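The structures come next, written out as structure tokens.
Next, two complexes with chain A in common: one pairs it with chain B, the other with chain C.
Entry: the complex of A and B
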């Protein structure tokens, strides 16, 4: 959400005006939107990301193409009275391609993947979320409800969160809770002996602490706990049995610093993750938000990710294992690393803003920071292109 | 209330390897710039969260989880 006052700040070269505007706004901890929006903003983003084809050495027969996904995102943020805002988010996603069905041993003794839907799978997802935020003198609280539907999956969810500022608004404490109830009803269940109708539930809480360090830098640390229960396996895989409970813990840290001489901002983020499937991960990313004059900005960004394997991951499915034994060949449960990089070009023309983003993502077991006992086949590589437009009125 | 404020200040400063300055409201112009917000492009970060959620095992961090999807 871009406030009109912020636009004034951005377009002014006068330190005095910046100071006066800041005083008038009495800007608090800047952790989230701290004051009701003064105008409405409608945003739309169109994205396409396409996974690289697999090689014949990874797939013994059939098609090699993987997912090609289009995403449409729409968001409206509008003031409602003096102390409230309303938020509406709508997403539509369509995909086609093939996904891993099971793994086996290839002629050279290495694991190979067998894809489902040789002629291609197609699916779509529609999501609508509505929320509101109420602003107080020293904080705010918010709530949202949402609904998401796919051909074979449905989720109903809600969330509540709030924040309060302390120490002359130098410190902000925030916390929140969310709950999601999901239904899974795989297609062609009778034909492939898949589960017919299953469900899962997710509860999540988070707390965060934000601190202004000095005139040009601030820091945020946050902790989240998520508890999932129910059907957590992949119904489309031939042999995939996972525990019915999972606890996830994520600790994230973010740092922002503005470089006055360069007229640019540095963003650094790091997250440590752990779950009781046995997976640990490190995620770090850095981006440089370089202003070019008053209307343009370029943002190069780099991200590194590495995770360990789940306790029950196998790179070759064992169909002799009893069903009571946990087992999955899902590459997302293997140990691997991923490097992604990209850049955004932003043009700000007052009430209109356009953002063009390009990104390349490469997952590889060689990038892993963890020891790998069973390298997975069919790790993902993709290209993404996005075009977003914001209109304030 | 004062004790709570002091405790919060000490806690936040103790985890930050840089001492915190007493930044007055009128000295926060740079902090208020769009490019200094935690989430300058909410649609971009929502998209990234969704894509990484579908390609990797990790999720969560600085917010509560939203609705699930069949992608993971």
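Entry: the complex of A and C
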């Protein structure tokens, strides 16, 4: 006799089977736990960051062209054994252009900026970091160390972080710590009476909570604290004196929702930042991740940013001030607002993936949500263009 | 694994399929190398060598999880399914049909008993002479693990067959179920049942190759830890469940029980199953007769 069965599996209500399933489902090859990558991925990304030239009305004499930076980023992620992955990151940046040297009052009584050096600045930065992540049944932990070098700057850093899933993996709690020790040794220090060799240290901790709300939406909130101490001023400005300690706190929130009918996802992020230089800032951005078939995705993105000024910001350098008094004319410490928009195009061909991103950024004191008592000179406008390729093998 | 293994997958290209298959066979090889009782270099052999050692042996989380499941099987079967009963198999010589002496059986029985082992987190202590055998668990677990890995690698359609233990990766590309044939014991070309699987797993246990005739009675190679004798209940059982691991545990427990009790236990499980009893009668539920 021969029997044929069409096994229609419904969940057995037998207590024995439920009991046997409970330990079977906990076996690592079966459990729906975090898993290390099973393939190696090599990535390369080329980015160009180009600041708009300043106008003659902003810069009475000398150079007008600002920073132009090319960035090459390489990354290799590979599985190692069953529970681990390793990654190696190498970055190379080349930079040319000029940056604000000092500000003064122009002929019309408005502040003007003087850019550094007749021939501008030319520098490069090389960075190498290695890290590893170890995967557990219900989470993972990771560590990395890195080294970065420019001809006037050197940084050594490390980080540790971990995450753990709860509540059937619907809730994830993550935390981490990082530390960086930096050396600053400006070029032509003797010639321009700059500091010769200074250092600074940064320590940072973060915690984050991610909650999957339902099949199509999730929410994340994160808090981070950073403490910096040492030489925090800009050694290339004619007069830039900042406190030697800085405490930063940032609170980030992100909401993601997938729309099945549209085959697209909405990402909304908001971040609040505060530091004891006196800067508060708000960043909100929204992006729409539209799938086009199985292989393509287009992501338009819009961001708004606004910050208040640091307590010691001045838009015209006061060289009569004693050196013991904090002051800086760095536009990044002024009150301003910024709007940026851009898009990414992603083509996913299985083992190949290509991403093209373009962004336009406009900073302006008129966009600020805060009162502007001292509008800064030389607020930045830039274009950023990047092309990345990932290869899995 | 010392038995016929087959993995069928459907991928977008042959190159993808080859890469995925090599990754999947690596996973089978990894578990075989780790838990084979017949390999001198396996981790299980190392565990068994540690028997009697005061400080025991360090075990990883995967082995702990397997022991957790083995403990669950032991408790669910009231001590019948005992992974520590391996020494019993060693004294029974199936090749030459030799019955061990009662003294040998008594001696072997003193070495077994899952309740005698202890492990706290990563350290396992086995009493002297105890041997562990994950038969009925690890091959089934390997099938599930490979199927899960295949799904993680993006395979939607496929079937894993590790020596008659099946785990479905996903239905056939046209959404048809996989048809698995269950061979009747000692009649290799005879299929005693066909079970169509759309999901989950199927595991079989029986006296297929190794059995023992004594006083006209047939004994399988599966050992009853209470009697020290091979069990003499059902001849073969196949069970389908949401996981091959669960199916394998249920099938093994059914083989260990007395025939009548076993049939009821299978019925109570609510899982589709097929068995052949000592009178060569094929039965089961959740299936349609096709004779």
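Following the convention adopted for this analysis, the second predicted complex is superposed on the first by the 359 of 393 C-alpha atoms of A that agree within 3 Å, B and C clash if a C-alpha of one lies under 4 Å from a C-alpha of the other, contacts with A are read in each partner's own complex, and residues count from 1 in each chain.
By our rule, contacts are C-beta pairs under 8 Å (C-beta built on N, C-alpha and C of every residue); 3 or more make two chains touch, one makes a residue touch a chain.
Not measured: the values here are computed from a predicted model.
A.B. asks: Looking at A:291 after the superposition, I want to know if it touches chain B, chain C, both of them or none. Which is it: first, second, both, neither?
C.D. replies: So A:291 only meets chain B here.
A.B. asks: Looking at the overlay, what does A:386 touch: chain B (first), chain C (second), both, or neither?
C.D. replies: first
A.B. asks: Check the residue A:71 against both partner chains and state whether it touches chain B (first), chain C (second), both, or neither.
C.D. replies: It touches chain B, and chain C stays clear.
A.B. asks: Counting only touches as set out at the top, which of chain B and chain C does A:137 meet: first, second, both, neither?
C.D. replies: Touch status of A:137: second partner only.
A.B. asks: Looking at chain A, does chain B or chain C touch a larger number of its residues?
C.D. replies: It is B that touches the greater number of chain A residues.
A.B. asks: Quick one: classify A:337 as touching chain B (first), chain C (second), both or neither.
C.D. replies: neither
A.B. asks: With both complexes overlaid on chain A, does A:307 touch chain B (first), chain C (second), both or neither?
C.D. replies: After superposition on chain A, A:307 lies in contact with chain B alone.
A.B. asks: With both complexes superposed on chain A, which partner does A:37 reach: first (chain B), second (chain C), both or neither?
C.D. replies: Neither partner.
A.B. asks: Where on chain A do chain B and chain C both make contact?
C.D. replies: 1-2, 6, 9-10, 19-23, 25-27, 30
A.B. asks: So in the complex, which bits of chain C are touching chain A?
C.D. replies: Per the touch definition, chain C meets chain A at residues 12, 16, 23, 27, 30-31, 61-62, 65-66, 68-69, 71-73, 75-76, 141-142, 144-146, 148-149, 152-153, 177, 191-200, 202, 240-243, 245-246, 249-250, 265, 268-272, 274, 282, 284, 286-291.
A.B. asks: Provide the residue numbers of chain B that touch chain A in the complex, in ascending order.
C.D. replies: Where chain B meets chain A, its residues are 4-5, 8-9, 11-13, 15-16, 18-38, 40-44, 46-47, 50-52, 55-72.
A.B. asks: Where on chain A does chain C make contact in their complex?
C.D. replies: 1-14, 16-17, 19-30, 35, 38, 82, 136-137, 350
A.B. asks: Given the complex with chain B, which residues does chain A contribute to the contact?
C.D. replies: 1-2, 6, 9-10, 15, 18-23, 25-27, 30-32, 43, 45, 47, 49, 71, 73, 75, 89, 123, 125, 127, 129, 146-148, 150, 152-153, 155-157, 159, 161, 166-171, 173, 176-178, 180, 182, 184, 200, 202, 204-206, 208-222, 224, 226, 248-252, 254, 256, 258, 260, 264-265, 271, 273, 275, 277, 279, 281, 283, 289, 291, 297, 305, 307, 310, 332-333, 338, 344, 355, 357, 361, 363, 380, 384, 386, 388
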